[in-house]
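Below, each structure is written out as structure tokens.
The same chain A turns up in both complexes below, where it pairs with chain B and then with chain C.
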Partner chain A sequence: MANVEFRDVNKYYPDGYHAITDLTMSIDDGEFVILVGPSGCGKSTALRMVAGLEEITSGELLIGDQVVNDMTPKERDIAMVFQSYALYPHMTVAENMGFSLKLSKTPKDEIDKRVNEAADVLGLDELLHRKPKALSGGQRQRVAMGRAIVRQPKAFLMDEPLSNLDAKLRVQMRAEIAALQNRLGVTTIYVTHDQVEAMTMGDRVAVLKKGVLSQVDSPQALYENPDNLFVAGFIGSPAMNLGVVDVVEGSSSPVAIKIGGSTLDIPQAALEKYPGVTDRVGSDVAVGLRPEHFDRETGDGVSNRIDDLEVELVEMLGAEMLVHLKTDVPPVISEQMRAALDDDDAFEELERQAKAGGQTFVARFEPGAPPKLGSKISVGFRTDRAHFFDRESGLALR
Partner chain B sequence: MPESSTTLDQPTTAEPDGWLTPARRRRLLKFLLYAVAIFVGLVIVVPLSFAILGGFRSNQQLVAAPVGLPDPWIVDNYLRLLQTSSFWQQVFNSTLIAVITTAVVLPLSSLAAFAIARFRFRGREPIYGLFTLGLLFPVAVAILPLFVVLRQVGLLSNPLGVALPQAAFGLPVAIIVMRPFFRAIPNELHDAAMIDGCGPWRFYFSVVLPLSRPVLSTIAILSIVGSWNAFLLPLLVLIEPSQHTLPIGVNNISTQFATDYATVLAYTTLSMLPALLFYAVAERQIISGLTSGAVKE
Partner chain C sequence: MSDVLSPQQQAGTDEEEVYRPPGPRRGSGIVVFILAVIAAVAIPALFFVALEATFEFMESQNLSPILTGFVAILIAVFGVFGVYTAVDLAIRRLPGTLSERVRPYAWAGPAVVILLIYLVYPAVNTIQLSFLDATSTNFVGWANYEYVFTDPAMLRSLRNTLAWIFVVPVSAVAIGLGFAVLADKLRRLESLAKSMIFLPMAISFIGAGIVWRFVYAFRIEGSGEQIGILNAAWTSLGNAPVDWLSINGWNNLLLMVIMVWLQTGFAMVILSSAIKGVPEDMLEAARIDGATEVQVFWRVVVPNIMSSIVVVFTTMVIGVLKVFDIVWVMTGGQDGTEVIAERMIRNMFTFRDFGRGAAIAVFMFIAVIPIMIINIRRFREEESIR
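This part shows the complex of A and B:
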């Protein structure tokens, strides 16, 4: 077990592509850190550099306070779990799990002991003599985990280990991996593009965008205090509603924002969190409204009222109800938003909406009688929970 | 399958007037397919059975009716040959050369194909191209310079003088068959092996070779059968009669006993038998070796 530290790490591929830019981050001994980001953000590259499967162009990588830049994967003493599991097809489960120990010339009875222990932990006892071909996806995943566990390595590296499983199994394995890591206390770096995995599994989440570390913090802190538009748009599902609004002087507060015909006073709590907004009166900002901070009821004193929103779509999800509301708030069109959406079609749709001069907000309500499609409704928004960003730089107005 | 698809397709795609309905078309294609397959089968089976059955007939029977079944069956031709020491000597010589050839081809070609398939290095493609060019040179073309070289290095009248050149000429095909197979081994498997502590050699021996059994046996069979049937090179290199291989023996006996058709046919049959048996046993492996790697698992 050991800590892992990136110091100004850069990665250029031979074709000149700059995959990782000045990555500096330290991961404590026993910590579970998630690397998350849109496709092509360099998260897998960063992981492979820790594994020793990719060379480091510049900077230093330390495992257990030792610079490992020039060490082979073998010398680094780490274990990795792959998306495809990468089990050896010609070996039995037991042989797969014991292979690395065999290569390191561990005595046979010690190998057997450790393999049996790991099989016990993972519920693989009955399957030790099977070949991977005869296993289900979930079982293969477990064998891949077992292969990592038996080595008792300095760190676990996991590259989207759950993305080949079906949804139900993924939920189960997610909990199992998190519990296992907690029990073993091995430093773990986990790459995923899945929101839920990122939010639920790790101690900290590092969000990468185009090879640059955008923000690293605990999942809840990322969710509540995104540093920039990219993190705000990327973390959360359904995504935060982001739009450009005019800032004016409010009636009960020095600052208010305009959405449609409604003026929403921004309470002191929000201004303390985002003091930069006060300088923007008479100008505009990018505002972020989480879907769950809308209220169906209006006028309870906490919420500010937004009137005349046309209901475009209602999604009843059992435990909640998502209502798509047409607004005149133009979307933020920037590189950060494109990266946060991670979907060129979705971004084109956003650009189209921007030209039309509005966009659709998603509000999440308790399930109840759904509003009528096409009708205009008023909803409340808890403006103390609003987020504010500079629309050009995308930085939070802290 | 034809029944179900007929009922499915006929109402929608059949042209009302055309005689070539989809169902008929399928039947016609099937007929052609069988016709070709049967023709090709006959081309192989007829001479083979002529030789095998001819060995069971007497010369009188053969002269009286060249094509026909043995009546009565005579096993004497076979038994007589099986008792001669020269036949067994030739079986031994053929086996020895086939084994040496294969023992040289397999490790060399698999290592070369492994390097070409899985490492990036300067000049990789030209080297591969060079091997492909090797396909264009049959032994017969190079026989004269080859003979000169073998004489200079003193390999005439030596089984190695046959086995080594055969191995050299067998390398291109082996490498070309193996390369895509090795390429198809997933990169993540390579990464996993590296992390488990493999270097390139360990990966080759512990992962690549065990996974490549089908392609390795394909190459082994091709080179054994190729060596078994080789005629020109052994004829030129192996001067002592005690070193002769089976094809040379067949040739000798057919010139020696030009009129003893039955013996010649029996000898030919016996010389083919080991290769045929070997092929029959390994046929499944060959098929899977030639087709695997083409489709991702």
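This part shows the complex of A and C:
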């Protein structure tokens, strides 16, 4: 077991593509770190550089305080779980799991012992003599895990290991892998594009955008304090509602924002968190509000009330209710938003809405009597929970 | 019909049911059988009669051969269509479900009948001939087979063919695999390099034989300049020219080189695509598991392409069993270079001994059966995986 450290790591592909830019990150011994980001953000490249499957163009990569830039995968002593599992079809489950030990000339009874231990942990005892093709997807996934475990390596690297499983199995394996990692205490780097995996499994989450590390923090901290528009838009599902609003002087507070016909005062607490907003009076900011921070019940006297929002769609999800509301808040059209959406169609839809002068906000409420489609409702916009960013740079106005 | 199970039935998939036409079945089995046989035989028979009658008529009229040929083509195309339509119409008039049950035989039957005539009949006839004497008049028992296993030239041919079977497929697969791996490492020149290796595949065995005659060419002193490449290389080292194809033992190896030269491209193409089919992930997994590149090749790549290797190998063994042209062109089987197929042709057409020729043919046929079984089994295994 060992720590892993990136020091100003860069990766250029032969065609000139700059896949990783100045990546600096330190992963502690035994830590479970998730690399997450939209497709093409370089998360797999970063992982493959740790594995030794991709060359490092510049910078240093350390495993266990030792620079490993020029080491082969074999010399790095790491184990990797592939998205496709990459099991050897001509070997049995036991042989698959024991292959690395066999190559390192471990005595046969030691191999058997460790394979059996791993099989025991993963519930593969009955399947040790089967070939991979006779296994189900979930079982194959476990064999791939087993192959990593028996090695007792310095670090586990996992490249979207659950994305080939069906939804139910994925939930189960997600919990199992997290529990297993916790018990074994092996440093783990886990690549995924799945929000839920990123939020639930790791100690820390590193969000990458186009080869640049956007933010790295614990999952809850990322959710609550995004450093920039990209992280704000990328983390969370449904996504944070983001729009450009004018900043004016408030009635009960020095600063307020204008949404629709309403002027919403920003309370002192929020201003302490985002002091930069104060300088923007007379200008505009990008404001973000998570769907759960809308209030369904609004009294007349409430200062953060927005009126006359048309209900476009209601999604009843059992435990919650998502209400899509038409607003006149123009969306933030920037490269960061495009990256955060990770879906060109969705971004074009946003651009189309921007041209029309508004966008759809999604509010998450307790389930109850759903509002009628097309009707106009009032909701509370909790400015105390809102996030503020510079619309150009995308940085939080801290 | 038969107790041979289809792959699906072997795999035990009970869901797939055999198509059963509706309606009463009891008692009509014999009727169906008779009608099926009639239907299967009727089409080739009718066609044969129509063709025969037309030619008889046209010959009696002394028409030009071009016209006769043209009419033959017309009959072949439209006649077959007409005969099928007529038989199908007749089947339609059968009562009840009978027509449904006879129809498949009418459509598939003729092909089977023609196959029987052109494949099974000659095979049976060959076996018959192998027990008769040179002119196919007297029964000689096992005498021809005794010849196959006792005649010195035959024994040499058996020994040589055995050597061919070991040397040629092993070398061609090994060299082809080597080229496939090396070509895979090339980036831009891969297809060019592969084309060069594959090129000899386009040359016929006879053509290759003629090309290589020049390579091995030797002229006795006084009858001209030495023109062989091999001798050119040999004499440049200060040696006297050699008649390569008359050195007993080595000449066989020199002939095998030609076959290897011809077949390596085939092995390379098939194995190259098999190698490309091995997922990159798996190779990376092996490297991370601590395998060196050599270990990756032998422990991951080779086992993964084993089925392709076996197919290439068995295909070549069959090809080598049949090899005749190369020997015929290069040495004519002289100087101890006989092979089985060469012996067969020699006995059949040079010596006009049909009994011995047929006996060698039967022996070759039996020798190839185990290899065919391996091939078919492989094929079925792969089918069942899909």
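The working rule: the second predicted complex is superposed on the first by the 394 of 398 C-alpha atoms of A that agree within 3 Å, B and C clash if a C-alpha of one lies under 4 Å from a C-alpha of the other, contacts with A are read in each partner's own complex, and residues count from 1 in each chain.
Simple rule for what comes next: contacts are C-beta pairs under 8 Å (C-beta built on N, C-alpha and C of every residue); 3 or more make two chains touch, one makes a residue touch a chain.
The structure presented is a predicted model; accordingly, all values stated were derived computationally and were not measured.
After superposition onto chain A, partners chain B and chain C are found to clash with each other. When both complexes are overlaid on chain A, the residue A:247 reaches neither chain B nor chain C.
Once chain A of one complex is fitted onto chain A of the other, the partner contacts of A:127 are absent, as it touches neither chain B nor chain C. In the superposition on chain A, A:74 makes contact with both chain B and chain C. Of the two partner chains, neither chain B nor chain C is touched by A:143.
Legend: residue contacts after superposition of the two complexes on their common chain; A:229 is shown touching neither chain B nor chain C.
With both structures placed on the common chain, the touch criterion links A:89 to chain B and to chain C.
Taken together, the two structures place residues 51-53, 72-74, 78-80, 82-84, 86-90, 99-100, 103-104, 147 of chain A in contact with chain B in one case and with chain C in the other. Residue ranges on chain B touching chain A, taken from their complex, read 186, 188-189, 191-199, 202, 206-207, 210-211. Contact residues on chain A toward chain B in their complex (touch as defined above): 48, 51-53, 72-74, 78-80, 82-84, 86-90, 99-100, 103-104, 147. Considering their complex, residues 279, 281-282, 284-292, 295, 299-300, 303-304, 306, 385 of chain C touch chain A. Chain A contributes residues 51-53, 72-74, 78-80, 82-84, 86-90, 99-100, 103-104, 133, 147, 151 to its touches with chain C in the complex.
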